[in-house]
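Before any comments, here is the structure.
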Amino acid sequence: MIRSLMKSRETILAGAILVLVLAIATRFPGFVAPSNLANVFNDTAPLIILALGQMVVILTRCIDLSVAANLALTGMVVAMLNMAMPGLPVPVILALAICLGALMGLANGLLVWKLDIPPIVVTLGTMTIYRGIIFVISGGEWINAHEMSDAFKAFPREVVLGLPVLSWIAIAVVIGFIVLVGRTPLGRAFFAVGGNPHAAVYTGINVGLTQCAAYVISGALAGLTGYLWVARYAVAYVDIAGGFELEVVAACVIGGISIAGGIGSVGGALLGALFLGIVKNALPVINISPFWQLAISGSAIIIAVAFNATSNRTKGRVILKKAEHAA
Amino acid sequence: MSLATPDTGAQGRQIPDRLKSPLQRFLVSWELLLLVVAVAVFTLNSFASPYFLDPWNLSDATFNFTEKATIAFAMGLLIISGEIDLSVASIIALSSTAMGFAVQMGADTPVLVLIGLGTGLLCGAFNGFLVTGFGLPSIVVTIGTMSLFRGISYIVLGDKAYTGYPSDFAFFGQGYVWWVISFEFVLFALLAIVFAVILHKTNFGRAVYVVGNNPVGALFSGIRVPRVKFALFLLTGLMSGVAAICLTSRLGATRPSIAFGWELEIVTMVVLGGVNILGGSGSIPGVVIAAFVMGMVTFGFGLLNVPGIVMSIFIGLLLIAVIALPRIAHRVLAKRKA
Amino acid sequence: AEKRIALVVKALGIGFFEAAAKGAEEAAKELGDVEIIYTGPTDTTAEGQIEVINALIAQKVDAIAISANDQDALVPALKKAMDRGITVISWDSGVAPEGRQLHLNPSSNPLIGNMIIKLAADHLPDGGDVAVLSASATATNQNIWIEEMNKVKDNYPGINVVATVYGDDLADKSYREAQGLMQTYPDLKAIIAPTSVGIVAAAQAVSDAEKAGQVNVTGLGLPSEMAGHIASGASKSFAIWNPIDLGYSATMLAYNLSTGAAEAKPGAEIPMGRMGKLTLNDSNEGAMADPFVYDSSNIDDFKDIF
Amino acid sequence: MVMLANTQGIADTHPQTEDGAGPVLTLSGISKSFPGVKALSEVSLELFPGEVTALVGENGAGKSTIVKILTGIYQPDEGAIAINGTPVSFPTAQDAGRAGVTAIHQETVLFDDLSVAENIFIGHAPKIRFGLIDRKEMLRKAQALLDRIGARIDPNVTLKDLGIANKHLVAIARALSIDAKIVIMDEPTASLSHKEIEETYELVERLKAEGKAILFISHKFDEIFRIADRYTVFRDGQMVGKGKIEAVSEQELVKLMVGRSVDQVFPKRAPQLGEEVLKVVGYCHPTEFEDIGFTLRAGEILGFYGLVGAGRSEFMQALFGVTRPSKGAIRIDDRIAVIRDPNEAIRQGIVYVPEDRGKQGAIKGLPIFQNVSLPSLKETSRKGFLRLAEEFKLARDYTRRLDLRAAALDQDIGELSGGNQQKVVIAKWLATKPRVIILDEPTKGIDIGSKAAVHEFMAELAAEGLAVIMVSSEIPEILGMSDRVIVMREGRIAAEFEGADLSPEHLVRAAAGITEVRT
């Protein structure tokens, strides 16, 4: 029953997205053109990737506020690397970005695991530290398009089978997560650790290690996104993706991932990210003053969350026979 | 034998009231550790820059934290109760916008103050209503209202600014009560005392701790949990209103981007002050010392013209180190013993 | 004794201001007994600048030359600086008159306003839709230029300004705003971005949409950052004054005011070394020089300089 | 330190089963300290294949701690564990499982949002290629395990949707999913109803027959004497006696446990019923209960009996204002009372000692004295300002009366054993000087010494004119303590008994719905 409720929560969100898209289409038919929708998806790809990473972290009752800073730092490092060694092939850069991101995730994870510091404190701290490090290594300088090699910039935009590589990467990550979360012991451990950390200890799951693994995954994805972001926008500087961590968390929450841990799904995170991405992309298109943008996305978050919560409200235990049939 | 005078017969064991004296507790407390850090920062600063030990400069330095600390006190209580409010900086923006709007309508200082406080209260009530009325997690609700409140300021103001605040309004953010003692600092000190008394000496403060430690148990003990939480959101809103008045007065202008990013600095201040981010424990003296530490670090680095972002590395490290070090020390000591 | 002059910028790390800092150092070397303190917040906020100003006041610097994030909010802090005997001037992005002794405009505002629309119109003989991509909605100078541009746009018949959007001087936001513009206005012919961040992002968005040649990105940018886009054709031309000169001039002005060699009052002519003299108008403002246009013919000469 | 050991027990120096096999598991010299408490000090324990060893001891004696050490959740400070004579160590729960040790823990340690099958197999799920989980195989095995213990539960269902008793069966299935030589059961029957308890006994017999060594922890003496072959007694973290169960009497065992003899009979009372204090009429709730009505008089103890899950706790919580009824009314003395939340209930003189001590009763993280004074803060404070001295006085008075064991009154309540936490919770409610006290399973998981104290105390309260409602699933307790008993079944009142009608048969039949007897 709960399973079907979760399913229906996602259906509702998908429905809301559909209604939103149709409403936009009435004012601006071009928005629903496949090419534009593909554009919106491509634009939302970084948010999707990060939201999935954030999802596993939130599932384990943690939170990762350092994703955006991690992204920016990795982006800056690979951009500087590219500047110093323009010949470095893209696969090497990708691998480096993922490793570097994972390393930063590991730092978070170890602090949470080994020193038992509350996750929000750890990542609040590392968030500012990682940002600061960007400033220190770059001296605050921007790295601009003309300083990056063409291969470096081209990779995320390369079109394969009608979609840019960036979109394909997001799709690959989504598929990877469906397998990871549903079919691997680690994936199930995320749910167990978040659902009942106390009980997880009794089943031999190492809570700290599992949380650390979630951080490494989130970090690795942030690193990956760091390269993609910098290459796509062809610029790297201290403040890129500033404040993006809150958007990532918002996407997860809209997607029905319980901030209290243990509840959530890949589909939810994906839809949550798409929802925000569509709102963000649609506003300028349908010509709403940019000054309205913030208020509208804020209200959307509140409504979505209130909606999720009311549809998920527990009605107490069912003891009476007649109520059982009604329920 | 009646219930009022329980049987004091031999059946019960005598249990001492306290295992450790308050002094013993203080000696292993977070506050002491912070105090040591604060003294260290102060000493380092006075060696690092010849300009540090100057009464006017020290007075100027207090502006770096007084407004944030005003909110941090209320945020401290809120976090102890197990909730959080990330919309505080946006409440400042909305509150300031409302005051600016009122100035255009010709309002004078007392009215402005009322409007500033009132807007803060209203925003706090909105947060409180969403959290307690719908049972939503506050971290999510306030991420939403954070966008909403500032968004409204942007809708009202767009690319414009409100200026032209009455000259006596400048007192709140720029005035001095006596010599180098600014109004803001006096307000900070008074609020520190008021909040310390509320949290540590009243039934309400006890309820805050109880709710933070075990909300279900609190309900079963007759505490009106939603009311307590609602009151705390109101209080946080009100304090954001107070901060809005001080900041607006100090800047003499309102733009929708005012106080951008303060929420995380305030949360950092509270956590550095030893408040458990998961709720249930923390103290006001801790937050006060943390405010001083953060203010002095910022100012000290500023005197050396170190960019703000490098300071933030230091604050980030401090945040983690101050929590990590006692744990590491504890572990090392435990190993030594074994 | 050595004069300490603080060059306060909107935010550290922006290429334009880094170039200005070079100019300031050049001026310092020329003057001999000057120490330049190049500083600023890391994000473009007024509060961040106020903290910086407070720290500078505490160090008792001799002069502050600031490019302001907010023309009003900085006034009380700068007033305090002046009360403590510090010379305060603003440059690039101004402060309200009561918060500074003089303001150095990089160029005259009407000239810039005209320049940015003219750059677009020059390549649109048949007219068409153009849109503006600005920095943050609170940026003083951008708003003035856009205002000036709107005043003269009727001189360019056929040119139709359809929208103004804000990229907040963030590369990714500007990029998305530019994308949005192209989607909303399929017939868009040009994007005017009077900001060095916005123009690069917009040009990138145009190349990515494979509309180079169709949509011309123009406005104010740095040659070093725009060289690639000139080559690709996403931008046909753009303008800028020399930020090195701007930093140099600001330093000279601050120095001359703080030594008492000159006084800031309406009509005064204040020397600024190799850049000549600054003539102040009624509100103690003056313009440094005309903006200079860069296109494929001259970009290679400048792209390695700033 | 001088061990007050029962020499008779220790003297059993040739531990061997009938067929002569040695112990499978030997613990020796195990010590474990927590901050401020030495939970175990040099205890030893042996388990034999095909035999049930009962571990008994007062609350806080260290029984659960030894279980956690045996299952890799805690590491001992000192001492050695050996399986079949080979020394072993269990850094994690999985290591213990691999070594053949499995346990049903005192707390249900399961995952509400996972399916039953996943709950059974998490941590050791069957796998296919690439380390992926084999879902089909997992479901099949889970079904087989559930069938084996006679649980009619769909392994696909989310655990959240099960009642507490079924959850417990899942916990048992989980324990059995590990192929173990040693099975530990920490109070496995504490939250089960009569029928399920019988099934558990059968299961124990079967495991015994399979040659497993079983450690069985319980406070219920009847079951210990029924199913155990051997006993081991812990007192204050020390092993104070062990031996064959035939060789010991109940009295001796109790004496070993508490170090003194305890009168196990229920207190004799001559109830003096006063005025009618509480009258409940037609209380209804949409899903939980329906049409509950009764009266209660001062000095009376009213028992509420029913199978686990009958809705007694839910109704009591509605009476206390935690949830709101959809219909119905209450009269206290002669006034109609409206109770919208617990705060109002307390002010009207109704208090509730909840069943779920850890979540609803104790405020862990707060010291004992603050727990006690919590609902009485109005009295101990002045004008909303705290007065710590008054709080300490209140806490001293009431905890002493309940014979609390604690290091100091400013100790965190979370550091106490379950039984002692319960005493603090009762103390906290007595301090409010209520008119009506509702005790929901007041002696669940409490040792025999404390249990008798609680019973005596209840009798005392009634004698002082308090009206007492006691919810209990233990028939001896209900019969021993109550003046009148209401039986609930599936959210409704099934029957009410008084005087001569109070018999175990009547109660069981009414609770199970075999006949509808209404007196």
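Order of writing sets the labels: A, B, C and D. Residues in every chain begin at 1.
Everything that follows uses one rule, which is that contacts are C-beta pairs under 8 Å (C-beta built on N, C-alpha and C of every residue); 3 or more make two chains touch, one makes a residue touch a chain.
Keep in mind that this is a model prediction, so the values were computed, not measured.
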Taking each chain's C-alpha mean as its centre, the one farthest from chain C: D
Distance between chain centroids, defined by C-alpha means - chain A, chain D (Å): 44
Whole-Å gap separating chain B and chain C, where each centre is the average of the chain's CA atoms: 38
Rounded Å distance between chain C and chain D, as computed from the means of their C-alpha atoms: 74
Multi-partner residues of chain C (at least 2 other chains): 12, 42-43, 137, 166
Sites on chain A at which at least two other chains make contact: 135, 140, 238, 291
Set of chain D residues in contact with two or more other chains: none
Pairwise chain contacts under the document criterion: A-B, A-C, A-D, B-C, B-D
Complex contact set, residues of chain D against chain A: 71-73, 92-97, 105, 107, 109-114, 118, 122-125, 127, 131-133, 135, 158, 160-161, 163, 174, 285-290, 309-311, 314, 323, 490-492
Touching residues (chain side chain A, partner chain B) in the complex: 111, 115-118, 120-122, 124-129, 131-133, 135-136, 140, 238, 243, 246, 249-250, 253, 259-260, 289, 291-299, 301-302, 305-306, 309-310, 313
Contact set on chain A toward chain C in their complex: 28, 30-31, 36, 39, 43, 135, 138-142, 144-146, 157, 229, 232-235, 237-242, 280-281, 284-287, 290-291
Residue numbers on chain B that touch chain A, as the complex places them: 86, 130, 134-137, 139-141, 143-152, 154-155, 157-158, 261, 264, 267-268, 271, 276-278, 307, 309-310, 312-313, 315-317, 319-320, 323-324, 327-328
Contact footprint of chain D on chain A as seen in their complex: 1-3, 179, 183-185, 188-189, 191-192, 195-196, 198-206, 262-263, 315-321, 323, 327
